[in-house]
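Submitted below is the structure of interest, expressed as structure tokens.
By written order: A, B and C. Residues from 1 in each chain.
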Amino acid sequence: MLYGYLPAILEGLLVTLRVAALSLLIAVVFGLAGAFAKLSDSRVLRAVADVYTTLIRGLPELVLMLIIFYGGQGLVNSLMDRLGYGYLDIDPFIAGTITLGFIFGAYLSETFRGAILAIPAGQMEAGSAFGLTGGQVFRRIMAPQMVRHALPGFANTWLVMVKATAIVSLIGIDDMMHRANLASATTRQPFTFYAAIALIYLSITTISTIVLHALERRYSLGQRKADF
Amino acid sequence: MLRKITLAATILFASLAPASAQTNTWTKLRIGVEGSYPPFSQIGTDGKLSGFDIDIANAVCAELKAECTFVQQEFDGMLPALNARKFDMIVASLTITEERKKAVDFSDPYYDVPSRWVAKAGAFKDASPASLKGKKIIVLRNSPRAKYVADNYKESEVLLAPKETEVYLELSAGRGDIALGSSVVSSEALLKKPEGKGFEQVGPVVRLAGGSGVGIAVRKTDPDLKEKINGAIKAIRANGVYNTLQKKYFDFDVSPDQ
Amino acid sequence: MIDWPIIIEALPEFFQGLKITLILLAISMSAGFVLALPLAIARVSPNPWLSRPVWVYTYVFRGTPLLVQLFMIYYGLAQFEWVRETAAWYLLKSAWFCAWLAFVLNTTAYTTEIFAGALRTTPPGELEAARSLGMSTVQIYMRILVPSALRRALPQYGNEVVMMMHATAIASAVSLVELTRVARDVYTNTLMPVEAFGTVAVFYFVLTFSMVGVFKLLERRFLVHLRPRRSQTDPGLVPNVH
């Protein structure tokens, strides 16, 4: 099937999924940090978070990726040289995942900020009054409810991000898109291969949508809904 | 919360590829290769690289007793990636030109084949700038051939393809009228294939001014590596390895001093 | 630190790239807008023969990467001998047309869903009032539903325009020399990442925030009637995700 390139494409799929999953993890970290910074009392933190989201809004993903991949490498090189260390490689996989995580962290920070604001402040105050630490308040009171409020935005971000992983092939990650490029160059059957991976992307989207719907139902149990 | 972020950041940084302790004895080499330049460099169904460039790189590595890893890179970003230290040397059929020498250093040449025009049979009687006036020329982006076309065919349109194989894909798709490519690759990637029926070479071979064979590129800061590579090329040409390899791919001599 | 002469020397190329980026954006968005309106009306239609096909179309094009769609059109269609023999090949030969086609198909899918969403949130009173005045269906759409929905869609549509402007960077993969391609070429020729990508970043930045500004003005002009209502709910509740 696929002129013998099916295993190669599926290997690429694994890379694509790894990139997407790792980027999501990084995006959640950036997103939480951004959300708390935006809601913090410190003017500096708020400013930093604003610069962060503005930067992401202002630039195409591909350009950000090229900046981090090539510009970042130059920066690391001169830093390592100055410190007298040897060479530190930013490999495309790391550059790609960090960039995607960094970009989508900005979107998630808005989602998380909204989710935090949706929790009545009285609940947090009650938690503190009972002597819970900040961490405990976050884990036991905020996080479970944030999941519910953030899920739709989170789902949207994930779906956009899976598709954005196709761009990492342009900086040399050996993902599914890259495998399809190589296979079509060699076999001269580009339509076949791009159609095949389009179908795979569509299946990922479909499966994700089903799973996220199930999660949404699960986390909005006990939530009253207006009858229309 | 902050602790968690710090922890995540630490894990992230620890997971960055280790500082491969480059003590400059060059026992470990990362080699930039291309992958769509048959028969010099290509990728099989199993994702494995093969071709003359790859075999030469392996032979040089064996001679240097170095442990080599291949890094596949689009042709377009080859030199930037070398200078950004994504790899230590490039074995990707890079023609040695004055312009490239400003950015990187080259070993002695390890092969030399001329360029050649290819077009639909009978479309052109020659490939002079006058005949190609107003026509669309397809050529590899950022290659010395692209510069040659830009300098000498000012009244033709140019389509720059990101890969040499795509030059012929575009030509057979009819996106341009004539292509200028490596004489070997054009016959391998087009003329010898069923899609190449009806295409032919146009005019005599083209020797680019200033082009002096194909070499292995290294960073300007690594003259010791360049010397080692030159030694290795001499050695494999003397001990017959080079000849065995070139017979595997070509029925004519590609060595630089033919 | 920064090599200004390199930037200054490359500026004409960057402006040329800017022109290509803007033309590509303009021709894609205008075609997308025109196509998305009827599709959105079909999408919210109670007739499944109308709404289902549109759903399939938006689902497929929103569920796959734009880069894949572009490559399918640019490299993919050339695979078939019979496509190359049709008259359409005259158009498909050009990278411009392929990029335009891919962008139009993509943005139409997103815009259709945006407009459809806005149509669905039509206040029932508007519709009832129109019906009680005896307007025909066509009149209701032309005079009430569409204008009112387009206003409500404005913020999201503005977002889509900015997203598409960023997406034009992908055309650099099919030999269109737009802004990103210029930056990549400058980088390849000079090996100066900060100069090449820093300059293009400034271009995109100015573009993005001019567009955001224009849409803010449009919103102020066309969404005045929604303002007091908005202040009742907490604006922070709306996640600002594309």
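One rule holds in what follows: contacts are C-beta pairs under 8 Å (C-beta built on N, C-alpha and C of every residue); 3 or more make two chains touch, one makes a residue touch a chain.
The model shown is predicted, which means the values in this text are computed figures rather than measured ones.
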| item | value |
| --- | --- |
| Pair with more cross-chain C-beta pairs in contact, given A-C and A-B | A-C |
| From chain C, the most remote chain by mean C-alpha position | B |
| Chain centre separation in whole Å, for chain B relative to chain A (CA means) | 35 |
| Centre-of-Cα separation between chain C and chain A, whole angstrom | 22 |
| Contacts with 2+ other chains: residues of chain A | 70, 73-74, 188, 190 |
| Touching two or more other chains - residues of chain C | 75, 78, 173, 184, 187, 193 |
| Two or more partner chains touched - positions in chain B | 77, 80, 84, 166, 169 |
| Chain C - residues contacting chain B, complex | 75, 78, 84, 89, 93-95, 173, 175, 184-185, 187-189, 191, 193 |
| Chain B - residues contacting chain C, complex | 76-77, 79-80, 83-84, 103, 141-142, 159-162, 166, 169, 173-175 |
| In the complex with chain A, residue positions of chain C that touch it | 60, 63-69, 71-72, 75-80, 162, 166-170, 172-173, 180, 183-184, 187, 193-194, 197-198, 200-201, 204-205, 208-209, 212, 234, 236-242 |
| In the complex with chain A, residue positions of chain B that touch it | 1, 4-5, 8, 12, 15-17, 19-23, 35-36, 38, 42-47, 72-74, 77, 80-81, 84-86, 163, 165-166, 169, 193, 195 |
| Contact set on chain A toward chain B in their complex | 3-5, 7-8, 11, 26, 29, 32-33, 36, 70, 73-74, 77, 80, 85-91, 94, 98, 134-135, 138, 172, 174, 179, 182-183, 185-186, 188, 190 |
